[in-house]
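Here's the structure we're looking at; comments come further down.
Just so it is clear, A, B, C and D label the chains in written order, and each chain counts residues from 1 on its own.
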Amino acid sequence: MMNAQATPAEIANVVAHVRARGYRPIELPGADRLAIGVLGSNPAAIRDAVVALPGVIAAIPVSKPYKMVGLEWHPERSVVAVGGVAIGGGSLTVAAGPCAVESEQQLVATATGVAAAGASLLRGGAYKPRSSPYSFRGLGAEGLDHLRRAREITGLPVVTEVLAPADVALVADAADMLQVGTRNAQNFSLLEAVGESGKPVLLKRGLSNTVEEWLLSAEYVVAHGNPDVVLCERGIRTFETATRNTLDLSAVPLVQSLSHLPVIVDPSHATGHRHLVPAMALAAVAAGADGLLVEVHPSPDDALSDGPQSLTLEQFSQLMNDVRRLVTALRHELVGGPSHGPG
Amino acid sequence: MMNAQATPAEIANVVAHVRARGYRPIELPGADRLAIGVLGSNPAAIRDAVVALPGVIAAIPVSKPYKMVGLEWHPERSVVAVGGVAIGGGSLTVAAGPCAVESEQQLVATATGVAAAGASLLRGGAYKPRSSPYSFRGLGAEGLDHLRRAREITGLPVVTEVLAPADVALVADAADMLQVGTRNAQNFSLLEAVGESGKPVLLKRGLSNTVEEWLLSAEYVVAHGNPDVVLCERGIRTFETATRNTLDLSAVPLVQSLSHLPVIVDPSHATGHRHLVPAMALAAVAAGADGLLVEVHPSPDDALSDGPQSLTLEQFSQLMNDVRRLVTALRHELVGGPSHGPG
Amino acid sequence: MMNAQATPAEIANVVAHVRARGYRPIELPGADRLAIGVLGSNPAAIRDAVVALPGVIAAIPVSKPYKMVGLEWHPERSVVAVGGVAIGGGSLTVAAGPCAVESEQQLVATATGVAAAGASLLRGGAYKPRSSPYSFRGLGAEGLDHLRRAREITGLPVVTEVLAPADVALVADAADMLQVGTRNAQNFSLLEAVGESGKPVLLKRGLSNTVEEWLLSAEYVVAHGNPDVVLCERGIRTFETATRNTLDLSAVPLVQSLSHLPVIVDPSHATGHRHLVPAMALAAVAAGADGLLVEVHPSPDDALSDGPQSLTLEQFSQLMNDVRRLVTALRHELVGGPSHGPG
Amino acid sequence: MMNAQATPAEIANVVAHVRARGYRPIELPGADRLAIGVLGSNPAAIRDAVVALPGVIAAIPVSKPYKMVGLEWHPERSVVAVGGVAIGGGSLTVAAGPCAVESEQQLVATATGVAAAGASLLRGGAYKPRSSPYSFRGLGAEGLDHLRRAREITGLPVVTEVLAPADVALVADAADMLQVGTRNAQNFSLLEAVGESGKPVLLKRGLSNTVEEWLLSAEYVVAHGNPDVVLCERGIRTFETATRNTLDLSAVPLVQSLSHLPVIVDPSHATGHRHLVPAMALAAVAAGADGLLVEVHPSPDDALSDGPQSLTLEQFSQLMNDVRRLVTALRHELVGGPSHGPG
């Protein structure tokens, strides 16, 4: 869009710049000012090429910057299989477990408990990203062994985080799904590495990533050959400090209107407070999420990481009962629900 | 908290300042540093008195700044009656209607439609706050007359916004509930005026207000003699621009853990996009909200204000069917539901 | 912008809606999709009319929503005279004084001190907006009398805040400039009232207002007949809690590229910490601000409001020396500087 | 802090939990409620252990979580030497160059130009993090060779970004300083790798990192054996979209009050608009920054990355003249200024 007082020379200069990049400019005269339309495949490049030229008021990209993850060109919704458990396709899948793997005993007790309550995936961190170098950062390879053992015992496929490209092979050997955490949501080397791993990827939204940036990060994974991406909303950073983050549940229907990838919700990191988790888990289900990721610990007050936001096994079991009622009311199906349920 | 290298003179100075304000300081020696505890009724005043003194690292208030709206001293939950319709108390109350009152015909058609679909309150703006002085700002007193007429016809009590202390008497004469909008959430003159109005107040959360600030605004109304306050979460301002605001649904259980006041949710202003409204309305119900405030317009594409976020009457009717299923599953009761429902 | 799969019927529908509003649509066919350009004077109305129609991907307004405050149609920069002191026009004007007027003695001592140090305007609040109803809210009419007295003694014109339309006449009788505070930045009744007051207006940016919204609020004042508006950047609300707000200094050159109105900076409320104020005051001068608004108190640790962010008279005097050096280096002129300076 | 109605059993339970972690609890009875003080070295662990226990209202950590980068235990300010050029110590150091290295010719022209204008370090990206996988991502190893060549010709030490732990050795072989970008500010594997690299590190603040988190990321680098860290403020993510990010200049004096590490400012990424860069560069100098990082391109409108925010060589030269005047007025010294200056 040109300034109302833009000179013919300024207009000609913009037109020339657009042509020099190989695009076709269209002049759109108006009452107040001239607009110049440009049609092409790389909107950001065009915008950068002209936005600072003399006489230009604004340059506004209009096509979506992602392609492979977008609904526009891929209207069928994706279902991602994780060790035999499906995420997406109209049912609800619950992954649960401790924030950090602390011991075989802690993990197996949790896994057994969440399986009995109706979870169909086990989550647990062997490698933990921590803001402080002095916090507990996970058991590493030993934690992976505990995850293998818990899977043997419970049959639950395992979701666990990977922090660095160099660890992808090691973690992928133990895990059924690789989690990319919020602080690594734009760690493009890691996105490429999990894109080449052959394992499904759980991509958390970055703390301050727009939905568009999140989808672009997913595009990195898919563009490196891995179509099995599940998005996870886990709260964004805002001015509100009463909760750990602000859970952006509207991202669920929004993502579903833009992308064919499944989207699940982590109410534990989003709120940071155990007493807020059940309400937000139910809200996520009602918003249409394809699944939940819930932190559960057999003894949260003794947890080495994120205890305050972890449910006890009893609380998780009660939550799953409420989830079941909601899923029925909304005419969805709970993945793994019937066989694991208490009835 | 004192600096690790704080001198005895600096410590004595802090102690003296605290005593000079009439409070009792308690010294708490630690490994690294000294903490000085102060107990009293006005934490902000104490903090301001000492935070900038030499040797002080931080001053941290620990008691809640609100009293009358807080759950700590008033553990019974409030139920607010609006023209005979209750908000709070475990049931779900739905207010619906157009963003702006445009004509008697438009309003009556909408009111009749939302009543038939199961709404129990009518919303509609006669005075509209608009960012631009050139936007449509409402019909004013004529709009109030249309609201009176719609109430006569449908029996629905009316919720409408008031923008200035000078308008409170006029609007209160027509309305069953006075709405204070997001841009006026810290307009303290207006809060005092509605506090003296004798009518229930719907207090929207300010665009960038913390939950604590929101409760303090409610405290203004209650402290001026009006206990009938309902809080309304309507989205906060964040970095995400794909939605009009970011609906902070975690504020629902959070407010319920801090205050006895009912809290409802406005998914229309929060998302700004019609196709996101039903999912977020259902999510609000599942999160435990005491009610919904939904924009409905018989012909949204012709609306003078906020058309893109308004549901059609058909969409609203479908939403109410889903809400009913959810309310049943969650064992709540829908206020006015049975008598107004389509069956 | 239309969806890539938009049908001819969807396109015709959009075209019809645009025409029905009295605007002229222009079809812009592209490789992937169709864009429809619309040229007219009310971009928000057009956007609302079409954004939710079937097949529409996005509706993007391109002309500025403000006119009278914009530089595009009013390229000469405004200079606002406040009781004989100019703000704008390439010089630097400093307003200083206490957050709240506490007593005649406190105010006169501060006013005398800041005048001696080189300030050319006196600031001080008689009516204070406070988040809590239990905080000190100002002396009211008595405070206005103290301001009159301080002006008599020092000759400094007075800037003070007005909170409600009903108070405008009273405050305007005492003040040389009316301040509209951050919480009232979108209190449109108040903006209209100060627009009709005949006194210059200092319009603080709302806590979460974009620069565009801020300019629209200024447009309210100017559109009600008052061209004498000075904008004041005072920090916005972000996720960072180490400072009271986040001072958005880039708003200074940005506003100057969009509007002809002068813009000044309040480093006191922006940072909330006395030790950060001088650095940010100097930064504001270097960024090109037309003035500063600084909180100064003869004994900040005894202040009834905002003590932690107030400078002592000695600190303010030192700051003014640094400001003078900076103004000289940048070849500006300090308003009132030479005659009031300590030399 | 305990609830006002906390029972003796709840209080005893908190005391027991604190003791079980090896810390000493101190009871602080007050008018309204009981506070329990705990003194120990890992405040986050204590908080997590008690915050969700019954009867607990809040758990508030009071000691700083970083040690090695903090001013409290290391009061002497650090000066970091980069290939013979000092950053910190009261002088101002300017790094300039293109966003991306595009060709030897482009880089050498830029380097020669910025050296002549008074820059003392050359910046330029060979590996570029980009939100979209379809954007230009840098020349890689070939870009490193161009940087070596530009250093040979101009004598300017080189600052360039490293994206992955696996690239650290390769990049460190060519660079005098390793940059960790905003999206990797909490990529802890990368922070550890540059901590072991033996090269000085330029650590950009994460898009949504608090100052405390930023200092903790610096602590990672220092704790891995590398004391040579320079912090770089480059704008944070807020609701304002008129600028690319919001430059948080108050972080400069704030960091200087908390840490001994030098802090510089990048006005180019912060604003995203060339016409705002000079004002914000001067503001950064006035705020007390130890240096600037400025994007300069011989022909910005042809740049492959970030052209709209790059200065031309002429604009940069003019900016350096203004910087020099400011540095003189503030009685600082411009590193490399006299020998490279045009005079």
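Rule of thumb we're sticking to: a residue touches a chain if its C-beta (ideal position, glycine included) is under 8 Å from a C-beta of that chain, and two chains touch if they have at least 3 such contacts.
Note that the structure is predicted; figures quoted are calculated from it, not measured.
Asks: Return the chains shared as contacts by chain A and chain C, ordered by label.
Replies: B, D
Asks: Once the contact rule is applied, which chains count as partners of both chain C and chain D?
Replies: Expected: A, B.
Asks: Farthest chain from chain A, going by the mean of C-alpha atoms per chain?
Replies: C
Asks: Averaged over CA atoms, how far is the centre of chain A from the centre of chain D? Could you give it in whole Å?
Replies: 27
Asks: CA centre of chain B versus CA centre of chain D: separation in Å?
Replies: The computed centroid separation for chain B versus chain D comes out at 39 Å.
Asks: Which residues does chain B have that touch at least 2 chains other than itself?
Replies: 208, 237-239, 241, 275
Asks: Where on chain A does chain C make contact in their complex?
Replies: 1, 3-5, 26, 28, 30-33, 35, 37, 39-41, 57-58, 60, 62-63, 72-73, 208, 237-239, 241
Asks: Show me the residue ranges of chain D that touch chain A in the complex, using the header's touch definition.
Replies: Going through chain D, the ones touching chain A are 17, 42, 44-45, 47-53, 65-66, 129-135, 163-167, 183-184, 186-190, 207-208, 213, 216-217, 219-220, 223, 237, 273-275, 300-303, 305-308.
Asks: Residue numbers of chain B touching chain A in their complex, please.
Replies: Touch residues, chain B against chain A: 208, 210-212, 236, 238-243, 246-254, 257, 270-271, 275-276, 279-280, 282-288, 322, 325-326, 328-330.
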